[in-house]
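Below, chain A partners chain B and then partners chain C, in two separate complexes.
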Partner chain A sequence: MWPLSESNVASYFKSLTQKPAFLFIIPYFLVLLLLIAYPLYTNFYQSFQTESGLSLENYKNLFKNPLFFKILGNTGIWVAASVGLQFVIGLGLALLLNQPLKGRAIFRGIILVLPWATPDIVAAVAWKWMYNDMYGVFNDILVRLGLINTYLPWLGQPNLAKLAVIIANVWKGFPISAMLYLAALQTVPKDLYEAGSIDGVSTWQKFRFITLPLISPFILTTVMLTVMWTINYFPLIFTMTGGGPANATDTLVTFAYRKAFRFMDFSGSAALSTFTFLVILVFAVVYTRYLLREEEK
Partner chain B sequence: MYRKSLITILMTVCFLFGLISVGGAQEKLVVWIGGHVVEQEETWAKIVEDFEKQSGVDVEYRLIGFEVYYDSLVTAYEAGEPPDVCFADLGGWVPTFASQGWLEPLDDWLASWEGVDQIWENLWPTVTYEGKKYGLPWYTDCRLLLYNKIMFKEAGLDPDDPPQSWDELLEYAKLLTDASQMKYGYGVSGAMSETTTLGYMIFLFGAGGELLTSDYRQAAFNTSEGLEALKFYTDLYTKHQVSPPGTPGYTEDDYRTMMAQNRIAMAIGGPWSFPLIELANPEIKGNYMVATHPYLREPASVLGGWASVISATSQNKEIAWEFIKYITSYDVWVYWIEQHGGPMPTRIDVCSDVPQFQDPKWKVILDTFPYAKVRPPIPEWPEVSHAIQSMVQRVLTGEMTSEEAIEWADNEVNAILGK
Partner chain C sequence: MRKIKIWILYLVLSIIALIVAFPFIWLVITSLKTYPDIYHFPIIYWPSEVTWEHYGYVIRLDFLRYFLNSLVIGIGTAVLTIVIAALPSYAFGRLSFRGKRPLLLSILVCQMFPQVTFVIPFFVIFRRLGLINTHLGMMISYLPFTTPIGIWILRNFFQGIPGELEEAAMIDGCTPIQAFVRVIFPLAIPGIAAVAIYAFIFAWGELMFALSYLPSQEMQTIPAFLTLFVGQYQTRWGPLFAGSVIASLPPLIAFIFFQRQFISGLTGGAIKQ
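This part shows the complex of A and B:
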């Protein structure tokens, strides 16, 4: 509280009155500590554990493994494509659902909630069946539409498998993006559009100069969150392809799972998890800084 | 105000300690039984109850489905809170767990157990790690050719005369394949799955090859036999196309389901397949059969199954031994077969005595079993198996030729074993 000034003294007394509030959050804080900080610490510690004590060996092995870079590339494609498509489809759908429309609530309910509320494993198994190369409905539709001539082995060919898991993930993930964008669109004051109409601006200009600037903070938040979720998203890929064929759909998390639970290489897996954590941390820090800056405004 | 917050803190602390103390005390024998299927629930209840009556010990047992069993087990061991007794996959998990120091060696107890001679000879290596036995094999099985009789008849083949050689296998598979009808002759396991390794192993052994050297310290499949096997196995898909287009994503289990729908004529299967294929389509009953898998030079099969193991940290090791001795006894096994008809007991006396095994399918199984080899009982096995899976997948997806892939896998496996 130095130097003593009127405002410093005032804030000191203010902080005193807030003290019980801190006590009230202690239980919550302890649970967080137990459930997040402790596992995080154990993982971090274990990532340095080797037979000959603590060292950087696990990290060295990780970066020496050629598979690691393939998997890093896979994760990049998986995240960029999933998040990109979820953004485009989510925003497009939100714009459509924001139009005055009869039965809008029902549409919103069905389109938005259904894929998102489907349990991961159920969705993954359903997609696996739909992609089946012998009796999958996906192939059937494409053949009927005349887009392909013969059934494709969606999960049996490396590039197709990449595409297939991304499509499934976009389906699973776009509703949450769309919901957030829809909420954002509803914060845009209607009179701005009316003013725009009077000035005779086009629909595109309205979107470009009114909608987009006003919802851009929401877009950033949503994209950041989906990036973090997608990096960490495990069940869909694991159930659909197990990382195959030929590691085409292996990502950081499926690789870490296999290292620990199949190969018993817990320390190596911990190193990989720590690496993944750092990648996500970068996004989290950028995002948090942005949030704080917004709050200050 | 402060008193209130104090109460909050106290309550939180009590809550946390409560959690810990619940996890602490353990007075009874804790048993985990993996690979649970609903039909076996009552049988296990009866077996456990009889043991409790006989021994006066409380048994707390959990039946766990196969899908989550392995992860639950590894997590429990890693956390230092494993069950006293559990089932572990023989060959695969037992040596892996033993190498982590999780299991208790059973040699002293086995030395004085009268049942030792009744256990099939080729099962002991599956539970041995560094010269010590860490598990008592409970049930076993071996891999065979599973085939669809209806499809054989439709293709004009004799359903009682399955292929015996590789040449016949290919010839039959071509006759049985009709891609326009989405019917295929032979299902090549190609997914990132243990079944892909097992598929390759059956062809490798059938060609007279070996996977690893006899001390398990080096790869031994990079030979002309190994290459022959890899080529034949992958050609079925890439060249002859008698395996469906989605082969790199399919396992034995997928093919079994397709066989039930009359879409796959032949695939690798075993005794465990019988109830499952009938579950997928009850009408298939009586229309499928097993045979020794076709081979090039010598009959080949790979065995698997469960072994009972005791945790190194268990406080009740004597009782645990009593329990696994009891469930592996002649009487319990005969009772089990009466109830379920299978799987195949690890005891020779039960296999030859029970009337249920006079069935032609079981005759094939018992005839093939002596040829069955074990998956290398080494802790590195999951990694080695993964390398074999990658090798097969690389050829199936056209990323490498068989020659390149086998060279790559040879290096990979030697690197894993040389660590």
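This part shows the complex of A and C:
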């Protein structure tokens, strides 16, 4: 390629275009460049924009705002609880639905597909109505079961509202985790279990010493993806509580959205979403390094 | 002993299925209740009389138009995603070339960007190009989210197709592109169906962009239309739920028909390195 002369460049491009791989990649490259890199660049640029030119002002304002730290904490709780529960429930259901059973497809269809295929906004309003303090079925069922004595204002009280949006999110999100775990379980060779049965190994031991080690890379990938999706997940909270009461359910993305569209603070919103991206990037870098190290082994 | 175990498994799965399906069942039941039944204290589980008034109400509010808007955007996004994703995923699955690894990693990176990061940049770009308030603009805005996953899923399908097939085609005089179009592409139809459904469902349910780029009422999609019934202090549950039930039908029908391809395509695609 060097030194850069006209004939050099021309022959370089010629050699590229003769390779079909390059032609095949072009469409993805264009999407990457025009629809991902360019918007991200403008967002990044905007995050430094102030009335007096480019500066770190927007970021300073962000970190000076006590609300920011509250929302950071909210996001932490929202992600940890949602991802943790989706991991436990997803893996448990994947194990159950992996059992040979007549009519398994029907159970898989209802349990794994229904919540996921429901549009976000539909899921959000359905849960919002179930949580209604007077006419909501959630309170009624809990009282009938004797779990609570009086009707609770699920979306009206800060801590309850946090719990409420997490439950709804787990309902909406666990099927994808379960599907990924189910696929992982299918990669475990069956003869390993048979060998275990001959040696008289218990079900728990089979899970602990055969299944778990073999699917642990898949678990890591799934948890990683769920973390990213959960940090970025917007419509459920936006519709159910709008971030309230008193910002109790506000996360980084709902706050960034309202900053832009309710308060017209576009640069502040850009700074916040850039920060959110950096948070996710930290997770991704740790994960990628782990993956690369595993591959070298 | 074994029989008892199986019955316990059935019982457990049935209870779980009921709990999981309950929010949706409740949605359907509520949409068929009259207002006195909806606001009955203490609540009643089964409607005292079944009514279709809420369905009639939303349909009179031009629901069909929003339904068609969503359909156009959903199908358009699916088609564009496949057209754009097919060739790159073939290259990723089959060919070796310089920079393949970083480009593959870029697909993972695309999962990291909050959608909210794109809202304002796209708004600025679309306004400049005259794409605000157009369905084409909506389809384009969904491509950064549907194409990377689409490539990931399809790549997996192409990897599963034996390489001798296109070698044979090329010996018979096909160019690589012809071999791809005539021989390989038809074999990847299940994967393509999975990608199409993923893209369709993403576009069908998307809310943030739809609220931001479609200011005029007659271009709106169903999710944006449904938010009209959610007030800060009062929500009109009847029409909201009738609309929600109708809005859930296309994704559910798509899933029922393509469940197998979808699950195998998605799970294989998301996990294999």
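Definition applied: the second predicted complex is superposed on the first by the 268 of 297 C-alpha atoms of A that agree within 3 Å, B and C clash if a C-alpha of one lies under 4 Å from a C-alpha of the other, contacts with A are read in each partner's own complex, and residues count from 1 in each chain.
Assume a residue touches a chain if its C-beta (ideal position, glycine included) is under 8 Å from a C-beta of that chain, and two chains touch if they have at least 3 such contacts.
Being a predicted model, the structure only gives us computed values, none of them experimental.
Touch criterion met: A:Q46 reaches chain C, while chain B stays clear of it. In the superposition on chain A, A:M264 contacts chain B only, with no contact to chain C.
By the touch criterion stated above, A:P245 is placed in contact with chain B alone, chain C being left untouched. Contacts of A:P27 after superposition on the shared chain: both chain B and chain C are touched.
Here chain B and chain C are compared by how many residues of chain A each touches, and C touches more.
When both complexes are overlaid on chain A, the residue A:L96 reaches chain C alone and has no touch with chain B.
With both structures placed on the common chain, the touch criterion links A:V282 to neither chain B nor chain C. Of the two partner chains, neither chain B nor chain C is touched by A:I198.
Of the two partner chains placed by superposition, only chain C is touched by A:L114; chain B is not. Using the contact criterion defined above for the overlaid structures, shared-chain residue A:P158 touches chain B, although it does not reach chain C. On chain A, the surface touched by chain B in one complex and the surface touched by chain C in the other have residues 20, 23-24, 26-27, 134-135, 242, 261, 266 in common.
Looking at the complex, you find that chain C touches chain A at residues 6, 9-10, 12-13, 16-17, 20-21, 23-24, 26-27, 30, 38-43, 45, 83-85, 87-88, 90-91, 95-97, 103, 105-106, 108-122, 124-125, 140, 143-144, 147, 151, 176-177, 201, 204-208, 212, 222-223, 226-227, 230, 232, 235, 237, 240-241, 244, 247-248, 251-252, 254-256, 259, 263-264, 266-268, 270-271, 273.
Residue ranges of chain A in contact with chain B, taken from their complex: 20, 23-24, 26-27, 30, 34, 132-135, 150-158, 161, 241-248, 258, 261-264, 266. Of all residues in chain B, only 1, 5, 8-9, 11-12, 16, 70-71, 74, 78, 96, 100, 182, 190-193, 244-250, 258, 263, 379, 382-383, 386, 389-390, 393-394, 396-397, 399 touch chain A in the complex they form.
Chain A makes touch with chain C in their complex at residues 19-29, 31-32, 35-36, 38-40, 42-43, 46, 93, 96-97, 99, 101, 107-115, 117-123, 125-130, 134-137, 140, 171, 179-180, 182-184, 218, 221-222, 225, 228-229, 231-232, 234-235, 238-239, 242, 252-253, 256-257, 260-261, 266, 269-270, 273-274, 276-277, 280-281, 284, 288, 291, 295.
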